[in-house]
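Please find the structures below.
Here subunit A shows up in two complexes: once beside subunit B, once beside subunit C.
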Partner chain A sequence: MTIAAEARAGHQFSQGWLTRLFDYKPFLVFICLLPALGLLLVFLSYPLGLGVWLAFTDTRIGRAGYFIGFENFQSLWHDPVFITSVWNTLLYTGVATIGKFGLGLWLALLLNNHLPFKSLLRALILVPWIVPTVLSAIAFWWIYDPQFSIISYILVDVLGWRETYIDFLGAPWPARFSLIAANIWRGIPFVAISLLAGLQTISPALYEAAMLDGANAWQRFRHVTLPMLMPILAVVLTFSVLFTFTDFQLVYAITRGGPINSTHLMATLAFQRGIPGGQLGEGAAIAVAMIPFLVMATLFSYFALARRKWQQGEDND
Partner chain B sequence: MTISRRDVLIGGAGLAAGATLAAPSIAQTANIEKGATLRVLRPTKFVDPDQAIFDENTAAFTKATGVQVRVDYASWEDLRPQTAVTANTGAGPDVVVGWADDPHIFADKLVDLTGIAEDLGKKYGGWYPIAEKYGKKDKTNTWISIPMGGSGGPAVYRESWVKEAGFDKFPTDHAGFLDLCRKLKANGHPAGFALGNAVGDGNAFCNWLVWSHGGYMVDENNKVAINSKETIEALKYAKALYETFIPGTLSWLDISNNKALTAGEVGLTQNGVSLYFSIKNSKDEKIAAIGKDLNHAQMPVGAGVGRATETALVINAMVFKHTKFPNAAKEYLRFMMEKEQYDKWLTGCFGYWTQPLKAYANSKVWESDPKILVYRDTWERALWSGYKGAITEAAGTVNAEYVMVQMVASVCAGQATPEQAAAEAERRAKRYYRT
Partner chain C sequence: MTDHAAAERPHLVEKEQAGVIDWSSGPRRFITLYLPLSLFVIVLLFPFYWMAITAIKPNSELYDYKNNNPFWVKSPTLENINKLLFQTDYPQWLLTTMTVATVATALSLFSSVLAAYAIQRLKFKGSQYVGLGIYLAYLVPPSILFIPMATLIFQLGLFDSQWALILTYPTFLIPFCTWLLIGYFKSIPFELEECAMIDGATRLQTLWKITLPLALPGLISAGIFAFTLSWNEFIYALAFIQSAEKKTVPVAVLTQLVEGDVYHWGSLMAGALLGSIPVALLYSFFVDYYVASLTGAVKE
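Presenting the complex of A and B:
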């Protein structure tokens, strides 16, 4: 009897303990977050952690590796192919981002006007972004083909302005800029539509006030549009830089990093060394070497561009 | 040989009867495990009949032995990672028909196939020496894989244009070849060979170029030896040859030469037999007409190896130790290499996957069209990537890094002198051939 009573008392105690635990808000929050946390851990943190770990080993595709410290990074530091890929990535990201923002902002400003078929036009703008990257890459591959380029065909065979077909991808600089052009084409819609959304949140009253003060179109853009657009510009810039920096498909489909490695990006080189080349450790090291750049780009966007001084003028703290 | 009567059963007519008769004999003699099932992974088809006939042959094996077999087809780029995952996790397919180098990379995880390899060799006129190189573990007599087929890449040219250039026969030496290319260019039908990052065609052309001049990436002891006077000679020749190419080959990928030849833009390139068949069987009459004018020839010999050289894309079958049914797996591979199955596959694929066993040089497929005859001897000309060394990971990486291709391309582009390019290739190869 006593044993049964004790058991019952214990049961009651545990029930109360459980109930109280579930009534405790921080615990409940934690429990509800667990599934999401689990997904993050399994599908994001673990692969990322594994990638970082691999970068410090000499793992090959056929066998597990040993910890070798910074040896991969030291070896990469002395590898001109890797150094070229870093410069290419910076150039690619820099020029493409400027292009995308210049043209995207311009497009957003145009679309913000009252145009006939406004919704249709806005939908059309999104097409380059909707087409799967590999498909647009293959289309560009044909456009840049040394024998079958539509651009060369028009210039040479239709208009007769040139004697020879353009060798878009055969030399380092033309190849780099051809790829950048393709990337800009693909990236404009994202920038244009995001900035258009930003433009539409700017109150017309601000423009009216500026006009009453006698501001011309440039002054209205410089002192009303741009500051009001800065917060969204910072976010869009961050995303755009991240997408461009990690681009893989365009380059892989169009040049495979050629000619003579002159268009390799860090992402394509990491893949080439890691999977077809079998040097998983070295490939991972290249991928890990991208992280500092990405962190820097993100920090710059958030801390520099999102500063209120930048947005609202020097003396407005 | 217990199943020697199969030699009598040639072609498809006797196949059904043969399979039923063979049933007790195969299962008994080979000790196939009771209730065995197999999973096979291989690259996806490149020519249409490949998969259909492979599946038919597999079904015949099931009928003969009662062993259920599932064949999965992986895309060419996925095959290598999937093989690696299979090897590293010890799970997945029992048999992988992988790329040439892979059995050597996973050698310690593979079932010894010496028995069936030696049987097959005895029965079918012996393996070509290069097949032994691919099948045997380095410097041993242990077979770790069964090479199943190789796709060669000899010269593909337009007969009438070569004739127009003054050559009744395709040149067999470097000087004649250069002369031909110069004349082709003068006549407006230039040659074109891939010099971009084209894993198949780029390596095929550049390996031939260097090997035929006597250069090689590493010596017999896996010491990097690319920076040699033979290589530099080859690069000087490449520079002269490049002047005759159609513009833009520095950016050519694997498919570019196919497009250019099909469109009549180039008169000479290098390719597998598939291009000829796709042109010949084209529904477009204009393209099909090009097929009549196409022919193949081996690339010029040169002083290098003392014989013609070529790069072949080889598929190499291995059985993993984690399989529960090693005997069934071995018998499956043996069965697929036997005449009833193999000849049908070889013929059905128009000789795309050429034979590693000498007896199949007598296959009917090589009489079916005189224009494809040159592919028959692919395995006599072929060398492996990483020639003269062992087939290793390093050789695979150097190949995937396009070290050979970019050495040639940088000279052709005028970015480097032959001496600089050879030194750079040596440096890059040494990064992976370190001990």
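Presenting the complex of A and C:
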């Protein structure tokens, strides 16, 4: 077929070698892939490799570095700020992911009912995910203000549940949980809307069958909804863990790692050491230290959940 | 099996079905459905309301909760927005962000269309590995890349220029757009292209005249989505741009409007609000495309 078309094309259009060249498949494949692969190789693969190399050097801004082996990692290992940032990142990812998926799944289940103005609701719910994260983070910064926080106002002046205004960002633990809350807020829409799409593909016949078998609402959720949702849940979870683990914007905008470096995530610490601090090698080492965690988290969330796909006998690929 | 179980426990079935009817009526439906749903909507949208109301409050109301209801504004003012537009570089930042986002989107869309066409339609040896590679590229987060990228940008002499952003944004836009478009191309029957080629069209003519018009919804999805992602991008813009007047809106609001220890919350909120409006407008016109691209990208 292809050959015939090419032959015909060559016959009819005698514009010459250029036309024929563009119908020569290997050349066409090369030309088509050139822009995308070229950009990705130069600006993604090369920096990825360069980053690993930089992690083993003492490069600074404006000065090429020398290979120093594992020295960066050794000094980080004894650096309390770095160790705190690792724990913070794990806590942040763990708690925020549980929160996002608990609440997101609940919201998806609510939206899966027959509702008036359903598409409007869906549109409104996605707004936090559309708006630039930094700009909504600035709104959270203002919501968490020690003097004029609206949450404190409601708790103290409206409801009278507390005596004093909460100092959200002034102490390490409140600051960490304030950041986690903002991250959950930011993540719910994505989880809810993707899971809603998954819910809508589940055939109502399955629920009818379950009901005929006498399954109650919880059993229907546990034995029909959850297994059917598992494949899409695995993908959404992988993405969510990946992007929460490497989150930068929220923390940088709201606390910049403060108070006293207690809320740094690995990404913000890498930025602080690398760009304003000028220690490119050390910053790169922190960024590279994220890679094993990321690979593990991705493999775990993908295989632990995606495995279920063939257990359900849905697909054997 | 189903019949058997149903026959065995008829009373259970009746009770369950009665329960289902109960569930969808009256107060119970209100408690289990409408109440949590409205709480979700209020919590998810409140920060934007708060942003908007703060942006139009005069300072006298902004810092005095005792004599004013903080949830409302008595004498709204445009002073904050006025200050933002005429006393700062805000219009310049908007223009920069718009240019960078548009050019980066166009570049990524162009590259992605060709790549997706090659992978899905030209089916060469190893095409699925190239597809997988591009998918994996999407999983590499910018937080890992920005430091080596900064050195690369510096070596190329692009530091502090819009080109630094235009050339680096495609690293996360191309993987996303390519996967979305592969999905769309799959849904277009190949026979249509075959017909065109039998009639003597070249491959590129087929792509231009047959495939692309049919994939238009996919192109729109990918385009507006890529535009939104580049508008919202933060870490590269923060790391690669230094001069105040060349910054993008998200970076500039955070770094230029915060002066010392005194935060001008009114103008900060106005800056955040104005910076969100372009994407919010785009979003309101193309909601369905956003939902399609979000769910499409997850399903692939």
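Methods note: the second predicted complex is superposed on the first by the 269 of 317 C-alpha atoms of A that agree within 3 Å, B and C clash if a C-alpha of one lies under 4 Å from a C-alpha of the other, contacts with A are read in each partner's own complex, and residues count from 1 in each chain.
In the analysis below, a residue touches a chain if its C-beta (ideal position, glycine included) is under 8 Å from a C-beta of that chain, and two chains touch if they have at least 3 such contacts.
Since the structure is predicted, the reported quantities are computational estimates derived from the model, not experimental observations.
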Query raised in the report: Can A:G99 be said to touch subunit B (first), subunit C (second), both, or neither?
Result: neither
Requested in this report: In the overlay, answer first, second, both or neither for which of subunit B and subunit C A:G278 touches.
Outcome: first
Report task. In the overlay, answer first, second, both or neither for which of subunit B and subunit C A:G187 touches. Result -> neither
Query - Most subunit A residues touched (candidates subunit B, subunit C) - result: C
Query raised in the report: Between subunit B (first) and subunit C (second), which does A:P227 come into contact with in this model arrangement: first, second, both, or neither?
Result: neither
Query raised in the report: When the two structures are overlaid on chain A, which partner does A:F148 contact: first (subunit B), second (subunit C), both, or neither?
Result: both
Requested in this report: Please indicate which partner A:R60 is in contact with in the superposed arrangement: first for subunit B, second for subunit C, both, or neither.
Outcome: first
Query raised in the report: Which parts of subunit A are touched by subunit B and by subunit C alike?
Result: 145, 148, 275
Requested in this report: Report the residues of subunit B in contact with subunit A in the complex, numbered from low to high.
Outcome: 77, 80-81, 84, 87-88, 105-106, 195-199, 246-253, 256, 259-260, 263, 265, 393, 396-397, 400-402, 406, 409-410, 413, 415, 428, 431-432
Report summary line: Per the touch rule, the subunit A residues reaching subunit B in their complex are 60-64, 75, 79, 81, 144-148, 164-165, 167-171, 175, 255-261, 272-273, 275-279
**Report entry** Contact set on subunit A toward subunit C in their complex
**Finding:** 1-2, 4-5, 8-9, 12-13, 19, 22-23, 25-26, 28-29, 31-37, 39-40, 43-48, 50-51, 54, 59, 103, 106-107, 110-111, 113, 115, 119, 121-128, 130-136, 138-140, 142-143, 145, 148, 150, 153, 157, 185, 188-190, 193-194, 197, 209, 211-217, 232, 235-236, 239, 242-243, 245-249, 252-253, 266-267, 270-271, 274-275, 280, 283-284, 287-288, 290-291, 294, 298
Report summary line: Residue positions on subunit C within touch of subunit A in the complex are 2, 5-6, 9, 12-13, 16-17, 19-20, 23, 33, 36-37, 40-41, 43-45, 47-48, 50-51, 54, 62-63, 65, 70, 107, 110-112, 114-115, 117-118, 122, 124, 130, 134, 137, 139-152, 167-168, 170-171, 174-175, 178, 194, 197-198, 200-204, 228, 231-232, 234-235, 238-239, 249-251, 253-254, 265, 268-269, 271-273, 275-276, 279-280, 283-284, 287-288, 290-291, 294-295, 298-299
